[in-house]
Amino acid sequence: MTQTQTGEALAAEGTPVIELRHVDKHFGSLHVLKDINLKVGKGEVVVVIGPSGSGKSTLCRTINRLETIDSGEVLIEGKPLPQEGKELAAMRAEIGMVFQSFNLFAHRSIIDNVTMGPVEVLSVPRDKAREEGMELLRRVGVAEQAEKMPAQLSGGQQQRVAIARSLAMHPKAMLFDEPTSALDPEMINEVLDVMVELARGGMTMVVVTHEMGFARRVSDRVVFMADGAIIEEGKPDEFFEHPTTERAREFLDSIKGH
Amino acid sequence: MSATNSTSMRDALYESPGPHTRRRIRFWTAISLVLVAVGIGLIVRRFYVTGQLAPRYWELFARPTTWIFLGKGFLGTIEVSLMAGLIAIVLGFLLMLGRMSSSRVLSGICRVIINFFRGVPSLLLIYFFFLVVPTYGVKMSSFWMITLPVGLAASGVLAEVFRGGMNAVPKGQSEAAYSLGMRKMKVTMKIVFPQAVRYVIPSLISQLVVVVKDTTVAYVVSFPDMLQNARVLITNYDALVSVYFVVAILYILVNYAINHLAVSLARRSGTSIISRTSENPV
Amino acid sequence: MSISELLSEYGDMYVQALLGTWWMSLVSFAFAMLLALIITVFRVCPIKPLRVVGDLYVQIFRNIPGVSLLIILVYALPYLKIVMDYRLCVIVTVILVASAFGSENFMSGINTIGVGQIEAARSLGMGFGKMLRLVVIPQALRSAVLPMTNLAVAVLLTTALGSQVPLSPPELTGLVSYINTRTVGGILPFVISALMYAGTAFVIGVIGNAIDKKVRIVR
């Protein structure tokens, strides 16, 4: 395991927004996370890549406890992630999450999807939430669809709404769990564009993705995982040009193939 | 009715508990275990204090003759159920063909018939064959007096099951057949129906449960099915409570087994069970 | 027997039978829904014994033949010193059976929601109560409308079990056998009852479909 110095150095200033310390997790006999250590500083964009089954999605989901961990620690702004109850809910409200399958609430309109969190969880007045929600929908380019139902939108549009829904909570950080993997090729860019803009705006982001172009252009740091462990991490240019480990080289070669 | 694969979502509703929640779950598990035990205890006690646990009510189940007699009744139940099922399949199939025909009139008539049989209790149909038909001079054995109405009642549901199955066959299949120059009748019988069968078999099996249940009123027409034979046992042994409970459990086990078969077949073939209470998933 | 003779002699009884059938159906359906809800809560709760009890309940009452259950309530329970009047026995039978199927409908309603939406609700910081109130229950109820409509029809038809015990006034099925044992009624008494059932079932279907159209979730 090569825990490189770059990561430490990059996140050195201030308390990291997200920190994982010696995180281990098993699914039955499968060791899906092996001694994961990761720090994500304020405003940092960390892209997690790796072959499927490498544990990168699981890693992402442990950060807001959609997956539990067997041992180790998850810290949000230096405080341990609560395990249950109101404290956990409150912590989750501060971290946005975007899923591979969008997961919009099927029975509520687009604008309702965006305002539900602020109104019900943060007790924002309905009018104000709506105003802000519309502004967010404009930002992600689906304002005209506000009154429609999720199923009436394309996958790309749904995913942009899902991002707006998370943004409406004014999150400290955003987690993206393969946000473009379920999309048709022509819709991938419309979602990535929104993410690029978010990153430029200084959002702290953890992005699990197969989009190497995005990783290269936008990320501050690339984390390469395989078999449940972080094999290598570093600045995107260094990582993509001169991967230090054999595993990473193989992986990069395999995706260059197509 | 509908088959549910309910294990995944019911677990997803609750996230993996933290230490505090885990303690609470353990506490309530203990409490509920006690309550369930008390409940069972109260039921057993009720049997005991009313004398229903006395050996004379139960020792008849140690005699092979009891089981042979019940077994004979069960054979009767199977006979009636299979014949009623056969009637329902044939009639249901014909009704489906009519319902899907391009003739507006025929389709309309079949639709009315289907909805009539789905909207009328099987018991009413049984009384029709038991009380009304004989007054017109038609003599019928008790076997047909139970199988015909039960079969008719199920045919309406089966017609809809078949229709669901036919619609589940991809359009391309019949289009390909038409493009080969086949006529509609041939396309339906040779191409679409054989494929639809695969979709409907689980539903047919699960409908058998409804048929088995409906045949339990065979005593109305004095046909010796399992429940009717149970009544004979009761008069012979003067053991009403034990016999009725045992027979109920037998029916439950039989129907459970049929349902289980239907669900596992449906799961294996990746189809869903169409029935009265489940809409046809698109 | 002509229709005018039949109606002059038994018209009142038909009205009473129809109202009686409607009333039994309505009461049974209402209580069955309530019980189905409770059973469903049992079946999804994290407390294992309650889950087992819920599952067992459903398996017992969805597989027991209605008559068999009715006979137990009417003839066996008095031996256990539990006595209910005939009409109550019929209603309880229908409630027990219908609630098992109702719970199955609720369960499949919950199943249509999908784990993803639950996780999305959690990620927004909703606690269990909010998630249930805002995401799970509204969707489960909406997708249960059509199955529950069909269940309401099934409840209507199951009240025909009332013909197996002496009810006075009899319900629609019992009335047919009542008339036929007194006079040679022919086909007519049967047809009238059948049309009343089918008509009621039709109306239930229309109402159910209208509600479904209004609340259906496009997926």
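When the chains are written out, they are named A, B and C in that same order, and each has its own residue count from 1.
What we mean here is this: contacts are C-beta pairs under 8 Å (C-beta built on N, C-alpha and C of every residue); 3 or more make two chains touch, one makes a residue touch a chain.
Here the structure is a predicted model, which is why all the values come from computation and not from measurement.
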Steps needed, at fewest, to go from chain A to chain C via touching chains: 1
Top-ranked pair of chains - ranking by C-beta pairs in contact: B-C
From chain B, the most remote chain by mean C-alpha position: A
Centre-of-Cα separation between chain B and chain A, whole angstrom: 49
Chain centre separation in whole Å, for chain C relative to chain B (CA means): 16
Contacts with 2+ other chains: residues of chain C: 113-114, 119, 122
Sequence positions of chain B contacting 2 or more other chains: 15, 17
For chain A, residues that touch 2 or more chains besides their own: 66, 85
List of chain C residues in touch with chain B within their complex: 43-51, 53, 59-60, 62-69, 71-72, 75-76, 79-82, 101, 104-105, 107-108, 110-111, 113-115, 118-119, 122, 128, 132, 136, 146-147, 150-151, 153-154, 157-161, 163-164, 172-173, 176-177, 180-181, 184-187, 190, 193-194, 197-198, 200-202
Residue ranges of chain B touching chain C (in the complex, touch as defined): 1-2, 4-6, 8-10, 12-15, 17, 25, 28-29, 32-33, 36, 46-47, 50, 52, 115-116, 118-124, 127-128, 131-132, 135-136, 209, 212-214, 216-217, 220, 227, 240-241, 244-245, 247-248, 251-253, 255-256, 259, 276-279
Residue numbers on chain A that touch chain C, as the complex places them: 64, 66, 85-86, 89-97, 99, 101-107, 116-117, 120-122, 149, 151-152, 162, 165-166, 169
Contact footprint of chain B on chain A as seen in their complex: 65-66, 68, 82-85, 88
Residues of chain B defined as touching chain A within the complex: 15-21
